[in-house]
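First the structure, in the form of C-alpha cells, and then the observations on it.
Every chain is named by a letter (A, B, C and D) in the order it is written, and numbering of its residues begins at 1.
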Amino acid sequence: MRQLIVPVLEIEEIAKATYQLDLEIEKSLLAQIKPGQFIHIRVNQGSEFMLRRPISVADIDLALNKLTVIFKVFGKGTDVLTHLKTGELIDLLIPLGNGYPIESIEMEHALLVGGGVGVPPLYYLAKSLVEKGIKVTTVIGFQTKDEIFYEQEFAALGEVFVTTDDGSYGTKGYVTDVLQHEELNFDYYFSCGPAPMLKAVKKYLHYFPGYISLEERMGCGIGACYACVVKSADGKDQKKICTDGPVFNATEVMI
Amino acid sequence: MRQLIVPVLEIEEIAKATYQLDLEIEKSLLAQIKPGQFIHIRVNQGSEFMLRRPISVADIDLALNKLTVIFKVFGKGTDVLTHLKTGELIDLLIPLGNGYPIESIEMEHALLVGGGVGVPPLYYLAKSLVEKGIKVTTVIGFQTKDEIFYEQEFAALGEVFVTTDDGSYGTKGYVTDVLQHEELNFDYYFSCGPAPMLKAVKKYLHYFPGYISLEERMGCGIGACYACVVKSADGKDQKKICTDGPVFNATEVMI
Amino acid sequence: MNLSVKLPGLNLKNPIMPASGCFSFGKEYSQFYDLSELGAVVIKAATLNERLGNPTPRVAETDSGMLNAIGLQNPGVEMIIDQELPYLKKYDVPIIANIAGSSIEEYEQVARAFQRTDGIAAVELNISCPNVKEGGLQFGTNPDVAAEVTRRVKAASNVPVYVKLTPNVTNVVEIAQAVEEAGADGLTMINSLTGMQINLQSRRPLLANKVGGLTGPAIKPVAIRMVYQVYQAVKIPIIGVGGIMTAEDVLEFLLAGASAVQVGTANFQNPMICPELIEQLPACLAKYGFRSVEEAIGKGHQSE
Amino acid sequence: MNLSVKLPGLNLKNPIMPASGCFSFGKEYSQFYDLSELGAVVIKAATLNERLGNPTPRVAETDSGMLNAIGLQNPGVEMIIDQELPYLKKYDVPIIANIAGSSIEEYEQVARAFQRTDGIAAVELNISCPNVKEGGLQFGTNPDVAAEVTRRVKAASNVPVYVKLTPNVTNVVEIAQAVEEAGADGLTMINSLTGMQINLQSRRPLLANKVGGLTGPAIKPVAIRMVYQVYQAVKIPIIGVGGIMTAEDVLEFLLAGASAVQVGTANFQNPMICPELIEQLPACLAKYGFRSVEEAIGKGHQSE
C-alpha cells in the first residue's frame, strides 16, 4: 500500500453521471493489483473534504501504464472529481484491501453479478478470469438505460445479461430475476453492488460457493479507524471492510 | 454594485509572490469604475473559504474590456487565486466602495504615495489624473527589490521614487524618507498602503489636503456586517471602510 | 409547491430568512434582489442605546467558517425604529427584531420600545450576550436566568417572542425547556460557537476582542444535532440556523425539526444565497418526496 | 532546531503525536513511515472488556470535518497489552494509553491493568464517555465527577495521567481546574464536539448511533479558544488537539498554550501528515521568530 500522486490521463462521461477516469501509474505497481482491490482518492487539496473516496479498480493496462476506475456522481466529492482535467495530479492510496482470491480457486466457469457502481470491479475480474482460461458469465443491473456502461466490454469476454429496474433496456427488474429465469452454469459466483442486491444474490445462490464485495463509509481506508466494520457470520467478531475485505467469502460475513 | 461571473483573461507573476490578474468585463460597467474602488473576489466554489477577498482595481482598459488587479500572496485565499487559468470563471462583487474624488478636486499636481499592496490602486488613479491633465509624482515603497512592480508604468506617467526597506533598490527606507529628502511640489496627496505607512504619511503631510485608502478585514464588503469600521476623527462615530471608504479624506478618520 | 409556513406571528411565504447581524437592516442586499421574496428578515441586534461595538479586526476566516466579534454595534432601538425600519417596511416581508442587552432591564426596555412601531412581526431574544450584572456569563447558559429574561421580555412585548439559544452549553435541551416554560413562542437555534484564532505574526488573538463567534458550514453538524434534540423535548416551533449553504441544508434542518431557517455567513460568500435557496427549494423537496415545506418538518425523527 | 518537549512522563523528541482513535495501535501507519519519528503515539481507547462498538455507518463527512461514532470498539485492555503493544514497543516512541469506561470502577480497572506492562509512558483519561451509572451524562461534563474519576485513576496508575476534556460544556475552565485539583498531571484538549448529519434519502440521522463526534479543521477555533482559556487558569501542561493540518496550526496551538499537539482526522486525508508536520515545523517556527518549540509555548498570551 502506498500514497501516490499521479497524473490524470483522461476522464470521460461514459453513462449518465458515470465517469471513467484513467490514471497513469507505473507498471511495477500495476502488476501487483488484484481484481476487487480499491484505491482511496483524495478529493482535492484544502480542508473542505477531510475524507478520501474509496473507488474500485475497474481495469488495468500494463502496456499503457494505465489504471482505470469508473465512478458515479453521488454527492459533493464525486462531483468535484468530475472536474479533473488531463494532466492534473491526483492523490491516491493504492492498492487497498483484499481482492477476489482467484489464484487459489479451482474453477471452470464463473458467474459475475454486479449492480450499479458494483459493476466496475467485475470488469477487471472478468478480464483476469478469462486470461486464466476460465469461462465468465456476467449479469449486471442498472436503474435505467442511460446508466448502462461496459455492456460491450463484458460481451467481449463472455455471455452478458443486463437488467434495468425500469425495463428501459434488457430484462426488467433485478439481477436476481436473471438468476431465476436463465439456466446459468457456473462453479463460483462473484458479486459486487449495493447491500440489498448482495443480500438477495447471497440468498438466491446460497447453494453455491461465492465471494461478495462490500461497501461501507470509510475513514482511513487502511484499517486504523474502525469505521468500516461488518459482523462475522457468527456475530461474535467484526471484520474491517477496508483491510479484511472488501471481498469476503459469502459465508464469512453477516449481511 | 453587482455580482458578476467573469472569465480570466490572463494571470501572471509580475514580482515576487505578486500576481497581475486580468479579467474580461463589459465596457459599460468598466466605464463606471473610479480609481480607489475595489472588487470582492470569491476564492473558489465550495465552503472552505466563506469570505471573499477585497482587491483594488489597478487598471482598466476600455478598448480591451479588461480590468486588472494586482495581488500579493498573503495567506491561503490569495494562494488559491494564483492557480486560476485563462478562461476560468471567477465570481466578483463589483464595483465596491468609494474611490478617490478626483472629479471634484481642483488641482494641478498630485502626489501619490503607496506601499506594497497599496500600490496597485494608485496606478489607475495616476492614469486617470494624467488623463485629466494633472501632473503626477509617485512615491512607492516595497520591502525588497524582488517585490517591486509597475515602476516603468508609473514612470511613463510622471516622476517616480522607489524605496525598499532593505535598500536593495532605490532609496533605502520608507516612503516618508523620500517625502523628507526630496523637494516635492503638489496640491493634494493620495495614499494607500499598510496602516503604519498611512499614519506616517498623514503625520508627515498634515499641512496638505489629502486622501487615504484604508484596509480592514471584511465580511460582506457591502456594508451589511459592520466588520470593517474605523472611528471618525472626532471618535464619536464609526465609518464603514467598505461603503463609506475605502478612500477617506485624511482628516475624516482616526488612524 | 407550497413553501409557506405559519408560525406564531409569522405568516411566511417560504422558510428562508437572513439571520440577524448578517443582513444589517436590509438596504444593502436590496441592491441585489427584491426583499419581498424573503420569508422574513431578521434585523441586526438592537440595544437600548447606540453601541460602537468592539475594536477591529472584528472578523477572521476559518476553515468552512468565520469568527466575528462585531460587539453589537447598532444605533440604538429608537434610531432603528426611526431611521432603519421605514425603508424595510416598504417591502412585503415580516420583520423580526433581534434584541440584546447587558441586563434584564435593558432587554425589557428594548422590547417595550419596539411596541411603538407596528412594523415588527416578532421579537427574537438574543440571550448569547454577556450578562454584565451577573459577572459576564451569558444569559443563555443558565436555565433560570434564560427563563427569567424570557418571561420579562414576553411581558414587555406585544408580538410573539422567539428565544435564540447559544450552543455553548452542556445541555441545550434544559435551556430550551426552561424558556418554553417561561412563555417563549418559539426558538431560534443556534447562535455562534465561541472560538479563537491566533495571529502567528503578532502572537496575539487575531480578533481585537480575542474570542469571537464561530459560524458557517463548520458548525452545521452541531446545529442539526441541537435542533434534533430540542425538537423532541419542546412543543414550540424551532427556526434553524447554522451553516446553511444549499437547499439540501435547508431540508436537513427541516427534517431535524426546524419549521423555518435563517442564513447568516453564506450571505457574505454569495449575496444572492437567499433568493437562490428559495428558487431551489421546491425541486429539492420534490426530489426527496415532499410536497410542501410543512410536510418535511420533523420528518428526520421517523424511527421514534 | 530543538523540537523536544519535556512533559510529565514524556520526553518528546518533537511535539507531534497521532490522536487516540485515529491511529489504532500504529501498525497501519507504520507501512507509511517509521513510527520512531513521532513525538509519541496515543493508542485507541482501551476498555476493560472487548467492545464491538456501534452499528455502521460510523462516519460521515462534514464541511472541513467529519463525524464519527465508532463507539469504543477495542479488544479490551488485556488483549491490547498482549496483542497490540508488543508491535508498537519495537519503536523508539513513548506510548500513551487512552482509557475509557462506563463506570469509575471500569476506568480504575483499565488503569490498573496497564500497570503490568512497562510499555506505557502515560495514561490519557478519556472522560467524554457516557457515565452509564449516572444516567448517561458524560463524566467530563460535571466538575465533581470529572475530579472523582481523575483521582481514582491517578491512584490506580503508576504513570502520569493526562485528562482529555470534552468541549461540550458551558465552562471548560471549571472542569480543567477541577481535574487539576484532583491530581491530573496534564490535560489533553479537545475531544470532539457532538454533532449530527441527517440523510435526506432515508430521512434518518446518517450515523447509526444518530449523534457523533465532530472533528477536523471545522473545530479548530473552538479548540484554540479552550486551550487559550484553560492555559490561563491551570499550571499543568496542555496537549492541544482539534483540526491540525499544517505546521502553522501546530504553532497556533503552541501560542495558545499547548506544550504538544495531537493530530487526528488529518491522518485520514493524508497518512503522511505527522512526519510532514515534524519536517515542516522547524522552518515554520523560524519564520515566526522562534528558536525552539518550548520557546513558543504560551506566547500568544503576551498582552496579559
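In the analysis below, contacts are C-beta pairs under 8 Å (C-beta built on N, C-alpha and C of every residue); 3 or more make two chains touch, one makes a residue touch a chain.
Note that this is a predicted model, so its numbers are computed, not measured.
Across the assembly, the mean Cα position most removed from that of chain C is the one of A. As a whole-number value, the distance joining the C-alpha centres of chain A and chain B reads 54 Å. Chain geometry summary: the mean Cα position of chain B and that of chain D are 46 Å apart.
Mean C-alpha positions place chain A and chain D at a centre distance of 36 Å. In chain B, 47-48 are the positions where the chain touches two or more neighbouring chains simultaneously. Residues of chain D in contact with at least two other chains: 63-65, 216-217.
Contacts between chains leave no pair untouched here, as each chain touches all the others. Those residues of chain B lying in contact with chain C across their complex are 1, 3, 42, 47-52, 77, 91, 93, 216-231, 238, 243.
Interface residues of chain B facing chain D in the complex, by the touch rule stated above, are 47-48.
Residues 21-24, 27-29, 31-32, 44, 52-53, 56-61, 63-66, 68, 70, 73, 216-217, 245, 265-272 of chain D are the ones touching chain A in the complex.
Only residues 62-65, 67, 141, 168-171, 193-198, 200-201, 203-205, 210-211, 214, 216-222, 224-225, 228, 243, 248, 251-252, 255-256, 288, 299-300, 302-303 of chain D touch chain C when the two sit together in their complex.
Against chain A, in their complex, chain C makes its touches with residues 63-64.
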